[in-house]
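What follows is a pair of complexes built around chain A, which joins chain B in one and chain C in the other.
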Partner chain A sequence: MEWYEYLIKRVLLLVPTLFGVSIFVFFLVHLVPGSPAVAMLGVRATEERIAEIENDLGLNEPLPVQYIDWFTGVLTGDLGQSYSFNGPVSSILVDRFFVSLELVLLTLLVSLCVSIPLGIAAALYKNSPIDYFSMSVGITGVSVPTFFSGVVFIAIFAVWQGWFPVSGYVVPSEDIVANLRHMALPTLTMTLVAVAVAMRMMRSSMIETLGEEYIRFLKAKGLRRRSVLFGHALKNSFIPVITVIGLQFGYMLSGAVVVEQIFAIPGLGRTVLQAVLQRDYPLVQGAVLLLAVWFSVVNLLTDLIVSFLNPRIMEEET
Partner chain B sequence: MSSEPRLSLQDLEVTYTTKHDEVTAVDGVSVDIQSDEIFGVVGESGCGKSTLANTILRLLDDNGEITGGEIRYNGRDLAEMSEKGLSRTVRGREISMVFQDPNTSLDPVYTIGQQLTETIRQHLDVSKQEARERAVQSLDDVGIPSPADRLDDYPHQFSGGMRQRVVIAIALSCNPSLLIADEPTTGLDVSIQAQILDLLKDINENRDTSVVLITHDLGVVAEICDRVGVMYAGNLVEVSPVGVIYNDPKHPYTQDLLKSIPETHDIKEELTVIKGSPPDLRSPPSGCRYHPRCSKVCSEACETGEMPRVYHEGESSVRCYIYDAAENPEYEATTNGTDEQSGEQSQQTKRGEQ
Partner chain C sequence: MTTQTQKTTERNESQLRQFAANFIENKLAVVGLFLIVCVALVTVFASQIAPYSPTAQNYNAVLEGPSMAHPFGTDDLGRDIFSRVLFGYQTVMTITTSGVVVAFILGTVTGLTAGYRGGRIDQLLMRSVDVLMAFPSLILALALIAALGPSKWGVALVLGIAYTPIFARVARSEAVSLREEQFIKSLEVRGASQPRIMFRHILPNAVGPLIVTVTLQFAFGILTTATLSFLGVGVQPPDPSLGRMLTDGKDYLDTAWWFSVFPGIAIMIPVIGFNTIGDGLRDTFDPKQVNR
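Let's look at the complex of A and B:
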């Protein structure tokens, strides 16, 4: 199979996936007890006022009718109006999406620069100080919760040293330096977790590859150590790491809720949380759909990269 | 045949270190590999034959180490050479190696053309185009049909037998003078095995390439080897021409090994087996390592003495007290000049001569 056939096949598979997600999320959201009208008006609202609002929002229609209304809108690019944020869901989501994307990309960039070299070094010098060091970094990273490390970083680098702002967000087009300064601590907090996973994966994958018979054969051919390690072992052991990075990339976008909350960053995770609390149905539905698309696209990209690196993948798919 | 051996192992000793133990997997192995011969190494699993093969190019696992002896090749001691020098001038250039399982010997993410040309360009100063032409030639030499078209295929696109041919093509691409093949047919179908053996024979006859063939299969040995070394528990107990091994084996272990080959034309009720199992090398038996299983124990030295030294019997060298007049009263020397001093001393004199 050629790679573009593979791509087309995978893109076509997205259609039923996203359709399923849309049904699932729509009905799930509407099953959650509580009414958006109550959320908007507060607990002291009168019955009549609540009924009036619910009628305005079209919540009295049968669920399938509401779904079809919403879904036809989605097909034309209209995700509806947000109840709580005043504005079309699509533009709210786009703004929030790019805020989160910046945070995720920065985290990924920093964490890869640390985790890949550290993982390789730990594999090459197994059971040496550098291996133990990387292992302790890893264990610390996954076991310290972000709500704790985030607050500690604020205390040290913002309050005490004053190097970075405590919280908040500046749009990069306005002032890129201020933007990056605001992003530094959230990135650091998220990196701590991300590093651990990629590094451990890199280490174990590299160790496994170095034990393969073809590595011995490459040495027997007289290849230089550098070519054996970085030409062959690295390429082979990077393949499973890419899959892990892809998964991280996908889930970090929505998984940054805590970090976005601590640092008051108006990202996607924080917005979804608010939308759920406000019973802002259109916003929740739109956000989940967007996340599903995002996840699928990242997965597709990951698989494409992996299949370029590993020629056996596309054969297996046929 | 020149008189200078192509490769000469002298009193080679290899030790694996684990957390709790030290295991001497190859112990005092001395043998000369002649130019243009196919030398077979046989033995049960765990006897150290693969370790011996890996030791020659110093491809031991991290916990394995050469703890004594020499690997003389072309006036150099490979055991003493730097890793860099070994890679640049010996591995893949002078001495090549082929491993047991062709399915795992090739890097799955590079085409076989890339894996061939990287070897050629590592050792020979040729352009990319020339390397590619040589690669095609190498594939053609080992009998891969339409080699030019297959250069850009990945290893998984070949069958097992073809893959082993590719591995051999890579090993031979720089015209080495010695090829070490570690059980090269074990992972293959019987019909393919014969083809690969023919190929090795062909290589040996048509090029100036000696072959060291590691195998546990005495049938394979009979088919293509000129001389055979028999290993037991890390010792090379007998080295004989292939005819002697089959018709007049010298060492009791070799004799027992031959008896245990099932004979298809003469269906016996029970298979003859060698009683007991190979010793635990963490604490090898005293005396001759084979004595607990040997049916021909001839003297006290077998059980309590040193490992017997090398005795020369006709064209064979054998490590067994049966051939020691002092230990075995029934021994009658069959040839003259067999009376060496102890094995160790003879090693030292040999080294002194060089």
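Let's look at the complex of A and C:
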């Protein structure tokens, strides 16, 4: 199978998934016990206001018509009106998307810079202090709740030492330094989890590669240790790490909800939470849809990169 | 049939012994098991161990530090944090256990059916699983809570739905590889019913990977339950919840660290336990992996 055929196949597979996602997101509103309009407005709402909202949401139409209306809107970028933010959902989401994107990219960058060297070192010096250190970082990272580490970091680095602001957000185009200072602790909090998983994968993958026949052959051939490591072993050990990072991305988006909430960063995660708390259904739908599409596209890209690096995977999957 | 069953039990026994020996070798996993046993005991006997009622307020002892009377100190309403942690364990463990049981049942039935039947049914079931997998798990949980409203059993149901795909994938891949095995083929020839083959013969052989999944999902489930409570969309007061205690305690971190630090550590203990057990079991079931 050629790579482009695989690419087309994977993209086509995404279509039914995203179609299912859209149906799920659409039906969310219909899972609400009673009328969503009453849930949004509270029991003290007037009859007229309820009728108005129900009309706005198109709840009086038959379901298939409602779905088609909603889905046409999604395709044309019209996700309805947000009640709690008083504006079109799509423009709210666009602003917040870039805030979350910055957080996620910073986390990705920092966690790769830490986890790859640490993972390699742990693999090379198995059962040494550095290996034990990496193992304890690994276990702590996946076991500490994000909200706990976030709160502890605020206490230590913001309240006690005063190195970073406690919370808030500055637009990077306004003041990039202030922006990064505000992003430092949120990134650190998210990185702790991301490092744990990527580093353990790097370590086990490196150990496995180093045990392979061809690496032993290269060593036996008299190739320098450094060129065996960095020329051959590293490249092959990267592949499972990339897969893991792709999967990690979902956890990062989940983690962003918590981190953005603690540090009062106006990103997508915080928006979802606020929308849920406010029962702002059009905004919940829009944000959840956007996050699912984002996650799916990243997963697709990860699979494509991995299959590009290791063409055998394409054969295994068909 | 009898020889088949006998062989299976014999094999299972020696495997079990070998398995236990391998597992005990993994010291980290044994520590994890110890942590889980401790948490399980204090959860079950919370009302016997707790020195105070989790909701009893004492305005003469507000935000007191750890002491003999209050080992973990007291909170802003003078409630004993140690007692609240114990009852918080009851809440989080009840929710997580229910969620994982629901996910195990739904996921295993889906996965075994998809893997064993194959064809159209497989396609249909696994495409639905893909749809659920397209959502980051906390986002899926939030979306469902938006619709169902926040409550204790709501969170359990949401965990059940959110973790179904993982069990379905594991069960399916086991069923697919076992489907072609000789002993399944011969059962089919003898006219065993499909559910019988799936649940009496394929499921027992798929149990290893499923147990690993159960332990790891327990770790995730505890974290997610606590996270949802922390965010205010999970367990609602007056039910004591570890996540909620951190929400309340985080504003007092510089004056009353015990208010949030003890509940925070309390959440970590079972999560570390389940994670290390999960890793240990995975290494034991699949010795080819070099995860140690």
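Methods note: the second predicted complex is superposed on the first by the 284 of 318 C-alpha atoms of A that agree within 3 Å, B and C clash if a C-alpha of one lies under 4 Å from a C-alpha of the other, contacts with A are read in each partner's own complex, and residues count from 1 in each chain.
Rule of thumb we're sticking to: a contact is a pair of C-beta atoms (placed from the backbone, for glycine too) under 8 Å apart; a residue touches a chain by one contact, two chains touch by 3 or more.
Not measured: the values here are computed from a predicted model.
Chain B and chain C, once both complexes are superposed via chain A, fit side by side. Of the two partner chains, chain B is the only one touched by A:Arg312; chain C is not.
Chain A has more of its residues touched by C than by the other of chain B and chain C. Residue contacts after overlaying the shared chain place A:Ser227 against chain B, while chain C stays out of touching range. Once chain A of one complex is fitted onto chain A of the other, the partner contacts of A:Asn236 are limited to chain B, with no touch recorded for chain C. By the document's definition of touching, neither partner reaches A:Ile265: not chain B, not chain C.
Looking at the shared chain after the overlay, A:Ala155 reaches chain C, while chain B stays out of its contact range. In the superposition on chain A, A:Glu212 makes contact with chain B only, while chain C stays out of contact range. Across the superposed structures, the minimum distance from chain B to chain C, using CA atoms, reads 13 Å.
Residue ranges of chain C in contact with chain A, taken from their complex: 28, 127-128, 130-132, 134-139, 142-149, 219, 223, 226-227, 230-233, 243, 246, 250, 253-254, 257, 260-261, 264, 267-268, 271-272, 275-276, 289-291. On the chain A side of its complex with chain C, the touching residues are 16-18, 20-21, 24-25, 28-29, 31-33, 39, 139, 142-148, 151-152, 154-155, 159-160, 200, 204, 207-208, 211, 249-251, 253-255, 257-258, 261, 272-273, 275-277, 279, 281, 284, 288, 291-292, 295-296. Taken in their complex, chain A has these residues touching chain B: 212-214, 216-225, 227, 231-232, 235-236, 239, 309-312, 315. Considering their complex, residues 54, 57, 59, 83, 87-88, 90-93, 96-97, 99, 101, 104-110, 118-119, 122-123, 154, 156, 167, 170-171 of chain B touch chain A.
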